[in-house]
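As structure tokens, here come the structures.
Shared chain: chain A. Partners: chain B in the first complex, chain C in the second.
Let's look at the complex of A and B:
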């Protein structure tokens, strides 16, 4: 396992862009944790006297990135927002992993009627355009970051379940599974001890690729004002509050949160792509 | 298997999915925490108004009867009456559908035409600055939040340069006779070149921002597919025979490189339909995306249900068409 990991790291390091992306992603992950301690102001404190204050480009040192339409400090909001976006991203990964793995394992391992019913249900979920599905589920569940996490995870669970099921179908025919069964192992033992460890690689790659996408959907829900409270210092919600002031020339309210979304999505996407290439090359060897 | 047999098989497989979709959409209204009638009407209403709405939505009947009534009406296009506007939901959808169709189709055209053009150029001039800039573009394009891109385009082209309008489909005072509801087409039919130009200017920024992600993906797939094909023996033979390079690229290689590209284009339709919700919000584009966001905001559940079912239905239908087209291009698929 250790030498396999080293092999993946070696191939990954050859992709310079992916290495840069990894470090940006790492910085974002650190910012998500320490951001609130670095923030100079309270991210939700309203101060109408300080509306639309420009930032460093006009020599302001009080508010580095300026203030928004309610006088809130944009730099502080962005720092808090990093934590929110990444937290939602991780939670979406965790929910998708647990439910997707469970469904895929059960469906692939047991087959038969269970498999048919589950796969039909998955087809149904895949029949909705993803954003629309997340949108109506978030709208139905109501406002709250936890509910938004669930709504976004539902986009990915069907695809992950399909990937897992596909791998399980191959793994369960392997001689070591047969041997284990011949020695009297039960289904749960075989699934957890033999099948699960051998389907994990594609799952990990899929989950890594999903992080950037999940951050983008979070921002989209925040922007549309569905599922995420519009006062939250969430990047998408910040864009939404600055949208109407663009035509007044107050560009900083929308430019900076947008750059953060872009940077986060781009770095996690490149990281995921690099990882997939590295793992694929390992599989080929 | 003949194409029509494949079509029938594909259609039969779709039926259970469609019924499942309808059940989910129907259950949406019952998944709202609390009493839907309270949420829709607010607290200060008379009992009579409550009962009337319950009666109208059929909420006083057993669940399976409610579903059957809803479904049998929905497949005939009757999604009930909007709570806010008191108009039939289907009329609300139909009056906004052309705006969304026009936006999505133009975005798809931009993505396909420029995507293939850029992808082919990147492959043809491999490892040159042209190739690198195309790779860079496709890398950035797939990660950019289109709603942010739209706002930045508004700021640059509308606010700073003043070249293009900020929002809407037409300038105030411009009129186009309604035939299809697609303003570009209607303006051409009625011979109003000024109105056509105006509609085009309104469409430019929303269509471009909506197209970006798909465009980037199509560039990427076209490039790699072309590179595979260009290393084939028959391309070398064509070149050795002295066929002009443009002919090698566009006649010999492109045709065979198109199959993966067509698959990606098919997949992009779903992305565009989702993206339209965001783009329409940024540009105040009066389409279906705006309709559902407004309906969610005011808890107009018949409209929400109607739009979701309508869009999912359209999405399933489009997928069938894409599959058929694909089966026509690549007959091996029909035997799977």
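Let's look at the complex of A and C:
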């Protein structure tokens, strides 16, 4: 196991872009935790006397990245926003992993009618454009970051369930599964002890790639004003509230959260890509 | 294995290109296919919302009202200035009986509907009775949820009858102060009976009136197109075609205007003001609006059934700062539901002072020293009475937090928002009102009749009825002043601001008007 891990790391290191992405992702993760302690101001406190203050480019030291249309400190909002975006990302991963694995395992392992019913339902979900589905679910559930997480998770569960099911179909025909069954093992024992560990690799890669997408969809929901309280310092919501002021040259309200979305999505995607490449090479060996 | 990264770069590049294209203004995008005749004068207006019906009897949405003033005429109309005085239109003259109950209108005999049929007294009777009389064969046909005429006049009008080919009598139940003025409002405009009978359920998308423009085409959520009515009884417009284009996003609207794709836009956001004023190619129009942006309180919902909580709410919010930030010079703080330009406005009333300490005291008296949690419902889109409703909600939340009230801002799509308030699922919800500039429409219809408030007060009802039953303006004024005091004291609604109506036209356009009802009037446009 240890040597396998070393092998993965070695291959990953060859991909320079992925290494840079890994460190950016790492910084973002650290910021998500310590950001609220670094933030100089309350991210939701409105100060109408300080609207549209420019930041460091005009020599301001009070508000490093300027203030928005309601006088809130953009730097503080971005720091808090990092935590929110990553929290949503991880929650989406957790929800997707648990439900997607469960559905995929049940469907793949038991097959037959169960499999047909579940897979047709999943086909239906996959037929919707993902953002549209997320919008409908978020609008139905109402406002709240937790509900947005659920809405985004629901659009990924079908794909994960499919991947898991596919792997399970291969694994369950393996001789060691047959051997285990011959020795009298029950279904639960076989699923947890033999099938699950052997389908995890593709699942982990998929979930890593999902983080960037989840952040992007959160921002999209925030931008469209669906499901997320507009006072929340969420990057997409910040973009949305600043967009009317772009034309006035108040670019900093939108540009900084935009850069953060860009960095987060790109770094997590490149990280996931590098990881997949490294793991694939291990599988080939 | 690099495909994902490649894809991302590609998408980023595409996004840049799209931004570029939007910035440059895409002339082909969504533009109705208008015939390319060099002489044809096509006037294009971009608005934020589309109509839902083109039937004047059932129109009430802000996307519909402009259109009504171009497709239809009423018996009377407002003068072409800001005075709000009435002048003859389809009725050449009129008289009222001594007891004030019967109004007789003598109609013009030279008017034809767009479908070629004659305008006459039967058409007037038909237009009114199809809305007001439940036994009329076409009653309720095309109803979209609200008949504005029914709302304004069903209690007042007893009967409308054609007594001769070109003479109509309107009999009232009681003396009704605002009657003649109401006759100039779009819901009392005259439709072609033949067209209603022919099209039936589909009349709402095949409107036929007597107005200066006749209906050509309606592509839902894209545009409504009308062309000039060459047989118009009044002054024939100088333009051949008007296209009412739907452009929901205000930044896009301004860009469309700057790039010359449209000739005029309606409703700008305060944030755009500087840009517009700085441009030599654009002419800005700003009219004091007969409207109100307010927070509707559900008086049956705890804890807002307690007067002290409502008063605490008023003291907790710094309305002046809010209006200054959200409207930026395009609105006035509202003290009263009714705008200060109207008859009978009570200038002696002092608004609730911004006083968070007093708010906390009042909450403590009401048994809520630690405040409470509430939902604050807001709609996402800009509307005639507020450009950035969500900003206002965020400021409310921030101010309320200072006195311990934890407001959860819920942003709803407009349709959902409307029905939520109508079903009283809210505690406090932002909403607005735009109406005829008469105190009755604000103090009575908004405060006492609107379903959002769940509020009853016999004293106010009585004052309102007294004001309606007199034609003497001084007496009306006295009742309306008293009503304003009670409404303020009891915090029936939370008035926030009166918004100015705005439109921007290209400098080369002349004759374009924006009236105090917020209507675009393109009758005299030329370029």
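In this text, the second predicted complex is superposed on the first by the 285 of 285 C-alpha atoms of A that agree within 3 Å, B and C clash if a C-alpha of one lies under 4 Å from a C-alpha of the other, contacts with A are read in each partner's own complex, and residues count from 1 in each chain.
Just so it is clear, contacts are C-beta pairs under 8 Å (C-beta built on N, C-alpha and C of every residue); 3 or more make two chains touch, one makes a residue touch a chain.
This one's a predicted model, so the numbers in the text were calculated from it and none came from an experiment.
Trainee: Between chain B and chain C, positioned on chain A by superposition, is the outcome a clash or a fit?
Mentor: clash
Trainee: Applying the touch criterion given at the start, work out whether A:62 contacts chain B, chain C, both or neither, answering first, second, both or neither.
Mentor: In the superposition, A:62 touches no partner, neither chain B nor chain C.
Trainee: If we overlay the two complexes on their shared chain A, which of chain B and chain C does A:146 touch? Say first, second, both or neither.
Mentor: neither
Trainee: For A:216, is the partner it touches chain B (first), chain C (second), both, or none of the two (neither)?
Mentor: first
Trainee: Check the residue A:123 against both partner chains and state whether it touches chain B (first), chain C (second), both, or neither.
Mentor: first
Trainee: Please indicate which partner A:178 is in contact with in the superposed arrangement: first for chain B, second for chain C, both, or neither.
Mentor: Neither chain B nor chain C is touched by A:178.
Trainee: State whether A:45 touches chain B only (first), chain C only (second), both chains, or neither.
Mentor: So A:45 only meets chain C here.
Trainee: Now for A:136: first (chain B), second (chain C), both, or neither, which partner does it touch?
Mentor: Once the two structures are laid over each other on A, A:136 reaches chain B alone.
Trainee: What is the contact status of A:258 with respect to chain B (first) and chain C (second): first, second, both, or neither?
Mentor: A:258: touches chain B, not chain C.
Trainee: Touching A:246 in the superposition: chain B (first), chain C (second), both, neither?
Mentor: Both partners, chain B and chain C.
Trainee: Per the definitions at the top, what is the overlap between the chain A residues touching chain B and those touching chain C?
Mentor: 139, 142, 225-226, 243, 246-247, 262, 265-266, 269-270
Trainee: Can you list the chain A residues touching chain B in their complex?
Mentor: Touch residues, chain A against chain B: 120-121, 123-124, 127-132, 135-136, 139-142, 212, 216, 219-220, 223-226, 236, 239, 243, 246-247, 249, 251, 254-255, 258, 261-262, 265-266, 269-270.
Trainee: Spell out the part of chain B that touches chain A in their complex, as residue ranges.
Mentor: It is residues 16-18, 20-21, 24, 28, 31-33, 139-140, 142-145, 147-148, 151-152, 154-155, 158-159, 166, 270-271, 273-275, 277-278, 281-282, 292-293, 296-297, 304, 308, 311-312, 315-316 of chain B that touch chain A.
Trainee: Which of the residues in chain A come into contact with chain C in the complex?
Mentor: So the residues of chain A touching chain C come out as 17, 44-46, 48, 51, 69-70, 139, 142-143, 209, 225-226, 229-231, 241, 243-248, 262, 265-266, 269-270, 272-273, 276-277, 280.
Trainee: If you look only at chain C, which of its residues touch chain A in the complex?
Mentor: 1-2, 4-5, 8, 12, 250-251, 254-255, 269, 271-272, 274-275, 318, 321-322, 324-325, 380, 388, 390-391, 393-395, 397-398, 408-411, 413, 416
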